[in-house]
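Labels for the chains are A, B and C, by order of writing; each one numbers its residues from 1.
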Amino acid sequence: MGLARKDLLGMRELTIDEIRLILDTAESMKEVAGRDIKKVPALRGKTLINLFYEPSTRTRTSFEIAGKWLSADVINVSTPSSSVAKGESLKDTGLTLQAMHPDIVVLRHPASGAAELLARQLTASVINAGDGAHEHPSQALLDLFTIREKKGRLEGLKAAIVGDITHSRVARSNIHGMQRMGMEVRVAGPRTMMPCFIDRLGVEVFTDLERAIADVDVIMMLRLQLERQQASLFPSLREYSRLFGLTLERLKAAKSDVLIMHPGPINRGVEIAPEVADGPYSLILNQVENGVAVRMALLYLLAGGGQAG
Amino acid sequence: MGLARKDLLGMRELTIDEIRLILDTAESMKEVAGRDIKKVPALRGKTLINLFYEPSTRTRTSFEIAGKWLSADVINVSTPSSSVAKGESLKDTGLTLQAMHPDIVVLRHPASGAAELLARQLTASVINAGDGAHEHPSQALLDLFTIREKKGRLEGLKAAIVGDITHSRVARSNIHGMQRMGMEVRVAGPRTMMPCFIDRLGVEVFTDLERAIADVDVIMMLRLQLERQQASLFPSLREYSRLFGLTLERLKAAKSDVLIMHPGPINRGVEIAPEVADGPYSLILNQVENGVAVRMALLYLLAGGGQAG
Amino acid sequence: MGLARKDLLGMRELTIDEIRLILDTAESMKEVAGRDIKKVPALRGKTLINLFYEPSTRTRTSFEIAGKWLSADVINVSTPSSSVAKGESLKDTGLTLQAMHPDIVVLRHPASGAAELLARQLTASVINAGDGAHEHPSQALLDLFTIREKKGRLEGLKAAIVGDITHSRVARSNIHGMQRMGMEVRVAGPRTMMPCFIDRLGVEVFTDLERAIADVDVIMMLRLQLERQQASLFPSLREYSRLFGLTLERLKAAKSDVLIMHPGPINRGVEIAPEVADGPYSLILNQVENGVAVRMALLYLLAGGGQAG
């Protein structure tokens, strides 16, 4: 029926059966988005709080739409990062919100481990919508959903994740999720963007993009966080783009039916060329579309809703 | 029936019949606002995204209330102008939102033409809620509605629009709308605030306020954007106010039953004297009230809702 | 049945019977929060506008949840304090919002008297959610509700309010409310934080915390507004905390069943020690929980809703 857990904190903790349940539930939720009347009563009378300590349009909007289509009451609480320092601790904010009886709290926070900390305080379900460089499980689940939708399966597929692996919660969650589902994962990027514990993650490391993508089924490009340049992780945008940007030319090294993914927002012409982002094998918009369905599934499974309508 | 168009981008593109359909529909919507229970199921299961790249309380709130009274799900997405530069392009933001299956996107954006650009990308309906100095059609429609409500007709009436015509999307939309409905339009303001192509718009230009308002049925005062003073469009507030502020004294030059309009927010004592803004012929608050009704009509006609309740 | 008043501006204006009606109604509202389906149709088709000129997570969220559980349409309008100066006056903003036919406007504003000013302009009900250092009646009502819930009565109880009395709307509202309900109120804090008219409020003033709390039933600690230190109201955090912070040690001077309250957010280790805030007699989270119920009662009684479901 539902998930036998209160929270969704990371992909690392999910079993194969749990991931399958979520993806299967998302399939039926996706059908709702195609309807003329996009509304089911499953979470009527349930309250979802979106608690965002980092700005986010895409993820917050996706959870908000997911909640509203399921008839939940959705409350947005955005805390500008400036007030985090002087304000209440996450623990006290969590306890305060808890006292208002939400059923689910969706948390985005700049600190790794923030979601777990909150989950321990609350009886409400907590969904980690990104905690520092740690995990972003709903993103990995929508990525798995999208790959499975296109390829019909996950097991045995090969994926290359390209970019700043060290600072990417998307990479970390996908590595765990893909491996759990029987995929082989490799990573590619400059040495300065590889975490020191990378070998413990069971992935092969490439510093040459073309070799990394040569025989994979999925290429997942990460967003280059331009503010990292000041930290000297790469010498220049141009240099990064020349070595690790995915262009049509470079794509010739890959399989002809390779799937191109990106968590967005994309930097056109930096990590991905416009012709690739808009090309036939790009799944970038499918990812966004499936994001709503996957988040509906998560809300539904965690809030233990009744009929799905 | 419905409007035979996907988007509402400007007044310039609307036919007389379309404008009449919108105004007539708004009349029945206005009745809802007077009810004890302000709620009709017309847009249940439809999703409206308010995408605002400029701060706005009045227009955003008006669309949000209109959507909610029609039972739509309303999602607010505000992008602080600072993040526009570094962030995703409007096109990519639009495609991302599109993938979440909204039925209508209401866009406010500082660049002229932004709404048209977005409309071309999306299968969802786009309503232009102000694009740079170009158009703000829902404002012109609520102005026409308000004039028609008071005078019983539009054809043959004369209006004077007063202020910074160059930078006013309200002026531009009203000029197109009023002329389409058979009204005669003149504009008044300092030479520095008249667009160079003004004669092509078919309006008479006045630099003397009293002569401009002498025999009109409607005076529409524009908000003086105080930050323009730095651009040296006018020497001082006092100077502007002395020449183009609408006072009781100056109003003696106008017809005794002239209608006074202003899109708000007003600068009391600058372009309009408090006694005029709060006086018997001021329609400023009627405009706001009718704004909700007109926006309900637009949402209803574009989303092709079923019964209006 | 309902309250025989349009607005709730302060505790000072409420009669004993009105306070009892609100607290009794809140009791039945609290039952809704414990349900699996937290939704009653009482305010369906009613519109609530949260108009906040100061940042607030706790109070805004509490009113928003209260409104949504009662099925009202809730619109948030936040005006960053920077734009208050240059923007529309409160009066014009109020008249504009009024024209959109809200049933209730909840206002938070930095100026004392702002809610009363707004209430005079609007036919809609106005709830004061904090106006400068003046009043914050919904906070005092939830405090009274919480005390009554724990002690079974209000009359004859003694309370000590501790901290910066001069700048606290919470203190002011509680003094009026507690006295009206037959409680005896004393205040404690540094001389520099006592208003000069304090004796006119009918409270006893203490500058020694242990003497102040010696025989009271309720200790209400106020949040130390850290930015006041620059105004030299106290020499240092450490000094303030040493003299007026509530620690376990100091609590030995109080009754063994004393209730500990705080409007939040708390400064752990400043005005209240963590062991006290999280201890068995702390009602801090009960206050937050009851806040939703009390605000549901206020919305219900002021909007004159039909059945409460």
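Criterion: contacts are C-beta pairs under 8 Å (C-beta built on N, C-alpha and C of every residue); 3 or more make two chains touch, one makes a residue touch a chain.
Not measured: the values here are computed from a predicted model.
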Looking at chain B with chain C, do both copies bring the same residues to the contact (over half shared) or different ones? different
Note to self: chain A rotates onto chain B (CA fit) by an angle, in degrees and to the nearest 5, of 120
For chain B versus chain C, what separation do you get between their C-alpha means, in angstrom? 40
Residues of chain B that touch at least two other chains are none
For the complex, which residues does chain C have touching chain A? 33-39, 55, 57-58, 61-62, 64-65, 68-69, 226, 264-266, 268, 285-286, 288-289, 291-292
Per the touch rule above, chain B residues touching chain A in the complex are 44-47, 49, 73, 75, 77, 79, 83, 86-89, 92-93, 95-101
